[in-house]
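Two complexes, one shared chain (chain A), two partners (chain B, chain C).
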Partner chain A sequence: MSTTPDNGENQGQEPENGIGRREFILRAGAAGALVAGSIIAGRKLWQPNHFIPGFEDQKGLQLPPYTFGASKLLPTMAIAHGPDHEKTVGAAIGALGGMSRFIEKGDIVMIKPNVAFDRPPALAATTHPDALRAVANLVFAAGAAKIIIADNPINSPTGCFLKSGLRQVANELNLDLLYPETNSFAPLQLTGEVLKNWTFFHEPFKKATKVIGLAPCKDHNLCHSSMTMKNWYGLLGGRRNQFHQHIHSIVSDFALMMKPTLVILDGMNVLMKNGPTGGRLSDVKPMGTIVAGTDMVAVDSYGYTHLLERDIAELTYIHKAHDRGLGNKNWKEAHYKEVQA
Partner chain B sequence: MAPPPVTERQAKKRDRNAFVRTKVPIVERISAVVIVLLIAGIGIAIWMKGQRWDPNLYSLRTDALNSTSAAVQGKAGTLRTGSGAQPGEESVVKEPTVAQQSPAVKNAGEGEPASGEMSGEGGNEAAPAKTASSAPAAKNEPMEIAIPGIKPMGKTEFYNPDNLFEKIDGRAPAYIGFNFQALRSRSFSVDGADSSYVDVYEYRMDTPVNAFGMFALERDPNGKPIDFAPDGYSGEMGFFFRQGAYYVQIIASDQNAKTMTAAKAIAVDRAKSIPVDNAGLDARRRLPATGMIADSVTFVQDNAQGQAFLKSVFQAGYQYEGAKLQFFLMVTTPDEAAAAWTSYKTFSGKFGKVTDLPDVKGAKIFQAENFGKCKVIYQREGELGGIVDAQDAAKARKFVEEYLQGQIR
Partner chain C sequence: MKLRTVRRISQVFFFSLFLFFVIVSDLRYLKGYPISLFLELDPLVAFATAITTHTIYKGLLWSLLLLIPTILLGRIFCNWICPYGILHHFIGWLMGKGRAEEKVRIESNRYRSIYQIKYIILIGMIVAALFGSLQIGLLDPICLFHRSMTTAILPTLNLIFPSSFYVRQNYFVAGWVVGFLLFLMVGMNVVIPRFFCRVLCPLGAFLGTISSAALWRIERNPTKCVDCDLCLKNCEGASDPHTQLRKSECFVCFNCIEDCPEDAISFKFVPPLQHEITTPAVPGRRALLGSMLGFAFFGFGRASGAQERDYDKKVIRPPGSVEEKDFLERCIKCDQCIRVCPTNVLQPAFLQAGLEGIWTPILNNKIGYCELNCTLCGQACPTGAIQRITIEEKTGVGKFAEQGPVRLGTAFYDHGRCLPWSMETPCVVCEEVCPVSPKAIFSREVTITKRDGTDITLRRPYVDPALCIGCGICEHECPVTDEAAIRVTAVGETRSHDRRLLMDGGVTSAVRELEQRKR
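Coming up: the complex of A and B.
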């Protein structure tokens, strides 16, 4: 038995134990078709425009620092106490030297509230509309050309902005309220502990020249508290709950991700338990305090100890951020001023 | 001339040679190498892609599955009924009457041979948390509430354990810890109250015990009792109660009288529509109310006080004659209660002094001193309970004796 076809065509051309020309052509053709098919299929599957973390030819973006108004004379943190939102916010910002220290004429200011839930303002699970109104008025008074407010609540952004009362403030003061849309996101690249490449609500930052974080002070089921640092979580897209496994790491990563112009912690009414959603007025404690500053680690440190009235030793993300040089957890070491509204 | 005869060895060699190609053309060799390299390259590329996973690319969109859910609705084979219980589980199929069923239940139950309900009753009250739901799995039926003066603000929202975080984000793990099954939520605007609304949340857990567990965890110690649900209270901006395996929250947008009236009407409506089921909660109901510290009732499913024989235990703190006492209670069969009492007594005797106390109304009682603390444990007719970790032995004993005599209720 021989593999060589016994026909006249191949006689004298093939080695005794080789294959015939026809069979070789068939095999080579099949192999070629297989290779070509693999290449075509691979090309079909490849998504050149899709950001796949780790493929180095396409980098994600990094947010620029929005810090402004550094001063050796003026405080970096202010604590104001009072019964009224507007006056207390005004007192805190005034103690820092006024909003004009941070905002210049013509600035486009992005204010990031916490609108994670469709809860009414009284339950203190979201940024209070009175706090937004007070801050926005000060920003406009300092000469800002435009204010953008934006957040990415996972559940129904329109419902969250409506029920939290922030949409009404946006309408009232003519603020640009940006809802997250599919094309509002861009890849973010960071060298965080866990936050390295992720989709990010980028649209509000395309034109913003200054950024202010405006967060409620509240209990959180997973990371003990949600304050100014945790507030930036609301800018992430995708199934961000995956980070809940490493919640302290990612919250500390936000101090690396975002260098805001100013952060303001609303401690007028503090959600002391059953956070981050709350649901009962009995969960809320009136504390009548606004903390503003340029170091969110210091601001949160004050909030945790003096507003939530807890032991800072248990707040892992504060220690992580401090140890990474992203802020100072020892808020008393900051140049701070405490005032009464 | 005839060819020489071929020997068997020669024939084998000839056949073997026929399958061996010793002179493969160089083009074919190169082709083979290229193919092998390509296969290896594809393998490496797949591996590399697997190392750099983009969660957004492959994330599950549960809403995409909605279209398939209709196909299985009404198919009993997809439900875990009594006959479909897992090994080791006891169950009794119990079909609530139509009058007891919620609107969702009524619709879901149509055409189904069994409601799919499994409860801890049927002689297995001692392990209520291991049984399944007191109501059929929630089908995605809209929440319709026919009360004058309110209007739905949007569609009913549905969540399951996989996407609950979309609604309540970081609070979700607390609910999932109590075997959360489904959430149905809808908002209603209130006529005549400007911008006012009421949010309704119906969290369904797997058992009434777990629904109670979550309810107790979030309970407002200052809440006022309500008359339409035994496990419930009203707060300044809402109504909260546990009914069956459901934990229901009715949250008003403000304290406006009209809004609160609407909220109460909705709460009453919801309480009526959910079947009453207290399976596994008998022990909690026997906990005395006198002196109970608000918000102190807890449920321990296994190994209460580190003892394997203490299962499905309810415990609560009490203020009693100036002392704080911790009282616990377990309901089981008389034999198991007696055996557990004996085991507890034996265990306590290994680490301290045990004293038998006189029976009170047929209840056997022992007192033990362990590590500077006192416990007084009784058992009677399938009930085991007592005071643990007491600093004042006399008050612990007095409390237990008064409870057994019915003086503390």
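Coming up: the complex of A and C.
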């Protein structure tokens, strides 16, 4: 007594133990479509050639230069001495003609501090929060729309930004702090001496229009010193612990990789020994100096001779960078200005 | 408002609170949240550690607070507060018999004798604790759920949503075992509703025993009752509300009150004893079997020598950890230390630390390293297995300069794998990252003639055992990544006098410098 038609009896033209034409077409069609689909998919997915694992072609992005038009009147390097972090930074930038020379209204500025280690500021192993605060204030005053700070530290990123005091400054001044997250990296292409294709911390550079390197001045156990050039190490990811096998070539490759708007070397307190980590206040010497400039080779060579007080002859990476035309190691040949804060 | 609605609000609240504490246990978000709240409220943690250590560590005293509602109202914790119980309740409704026919549901909620097992487990764990082996964490629901979240759920979710819970992906070597055990427990709800809570939960057994004394309980009015058994339809505890109530099994979910069509069930103050089965039903011989099992667990575990001469070189404990035997008296395997560790170095042990040490934290320097200026694991540890030491105490500065730093182990070179030692290649990443000052790793410059006849000047690294703190960053950063050319092993750890390496710290540069500093 059901209201729905019963199969087999109420289907009209269908034979009792067979199927109708319509159903045959449908079922044969489905089977045919499955066969055809498999063949098309198989053809499409077919990989006829093998490859040698690990030797595939590598492609990566190119980093644009962040330099700006040169000026004949204004100096390219400034050395400021003084007791106060903020004032000395201000004096150095002022001697270069002010931050507005480098930063235009609306710029998105990436400031690259060195936050490699989980250390408090007094140990001088990381960019000092006062230096970041001073630079960021100048950048904002020059009309920047946004400041990004980012680094890929050796120690755990959260701990490094917290204990170096930079997270605090970022919160205070509303800077965008970017941690090196899983998806923050992309391969970079370079024609360096050793660095050809490497995982790069790309996220901050998706929007940045200007780049300022803000590095502490430090001793380094292997390459003698870590200053503004070595600071770009923190933009790379991957197996960085292989760099040490060609450390001087790699550090000079950084000068090729990054063409920053400005670099600032913080020599207020210099990590003289036990670098790059430091660990005791006795490793640190107050030098009361900020060096700013557009040529990181010149800035670093001043830092090595006058802040770390060592013989430039042993600093292989500076000579490599100079010989490759990536900067001038003879900082006195630059148009420089030395001021007191 | 219906009681059921109030209970659901409580369940959502406490479950969310638990998840909140798990998620904010990260250096980016931490700011004094009481992340150990659930573990500190857990009276089984306080009770069992009091048996093993004869002390109640810091915040564990809060667990007294939970005894109050239990003594007044019964096992209200199980269905109103316990996040793991809430999970099972929810999953049972979603996947299990919660949506089956009325008859099936009524049958699935009748009391069964296997529900005694939890009491036998509890007895076994208490006996093991009496001998100094703390094993409640294996099945305590708060420890178990926290461990599962930390070592299985969050890292898995972070794979799908990168950088959602961590800046860098965290890995847990034995996390898959924890994960599948969670799967099994949750999945059993399909077979027996609230399987874990009814059959296995030692905290439930503990609260059940206490709730024998509860003043209020579910009471059936036999003159009104028509024996329809509808009160069993949603009974979470399988506590037989349709006859004599099994007081120690009742989760106080109040479903029976609302399900009763005759209004025969109510929540009553001191109702007559003859209407209830007051204490847990555990036959004496089975209790004896449980206690023998507990003793065997301790005995077999200890007799393996894993805590003695056969201690594993890779059982490197977090900074501030107490000596191994004391550690096994305190660690509840909640893995909260593992959750807060910013470098992912802390891992749940599987069998490295012996039978008794399953899921206790050990360092895996291949995955991470111990951050010098960090004592988060000790801050998070609710039981003092990792003591709440300060940075000064850990690094041995200031007042603690005389005794020196806390050492986790000692680093040793494997010259055959080291690039400057045997492969004519410069390196010394290990020296660069060594965090102590002066560095425990130092290098000596040598000029060697290479195979091709040219000279190369290399720095070959050495360890100064008087300065090495065993943090493992050298091993972690070594470019020989599969098995590093420098590896930290547990020997030299300061927590154990038996496992120290140097009798007096050694006459090394470090000691000389210390003397200079004192002058």
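Going forward, the second predicted complex is superposed on the first by the 282 of 341 C-alpha atoms of A that agree within 3 Å, B and C clash if a C-alpha of one lies under 4 Å from a C-alpha of the other, contacts with A are read in each partner's own complex, and residues count from 1 in each chain.
We adopt the following convention: a contact is a pair of C-beta atoms (placed from the backbone, for glycine too) under 8 Å apart; a residue touches a chain by one contact, two chains touch by 3 or more.
Since this is a predicted model, take the numbers as computed values, not measurements.
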Which superposed partner A:N155 touches (first chain B, second chain C, both, neither): both
Touched partner set for A:N174, first chain B, second chain C, both or neither: neither
In the superposition, chain B vs chain C on chain A residues touched: B
Chain B versus chain C as contact partner of A:K163, first or second or both or neither: both
Partner chain in contact with A:Q62 - chain B first, chain C second, else both or neither: neither
Which superposed partner A:N221 touches (first chain B, second chain C, both, neither): both
Chain B versus chain C as contact partner of A:S71, first or second or both or neither: neither
First, second, both or neither for A:T182, with chain B first and chain C second: second
First (chain B), second (chain C), both or neither touched by A:H244: both
Overlap of chain C and chain B interfaces on chain A (superposed complexes): 117-120, 154-155, 159, 163, 220-222, 239, 241-242, 244, 247, 274, 276-277, 279-280, 283
Complex contact set, residues of chain A against chain B: 1-3, 15, 17-19, 24, 27-28, 31-32, 34-35, 38, 42, 50-55, 116-120, 122-123, 154-155, 159, 163, 197, 199, 220-223, 226, 237-239, 241-242, 244, 247, 274-277, 279-283
Chain B - residues contacting chain A, complex: 15, 17-25, 27-28, 31-32, 34-35, 38, 42, 45, 49, 51-57, 59, 154, 157, 165-174, 187, 197, 199, 218, 220-223, 235-238, 240, 249, 251-255
Touching residues on chain A, where the partner in the complex is chain C: 117-120, 154-159, 162-163, 179-184, 220-222, 239, 241-242, 244-247, 274, 276-280, 283
Touching residues (chain side chain C, partner chain A) in the complex: 26-28, 162-163, 167-169, 342-343, 368, 371-374, 419, 425-429, 431-439, 443, 459, 473, 477-479, 481
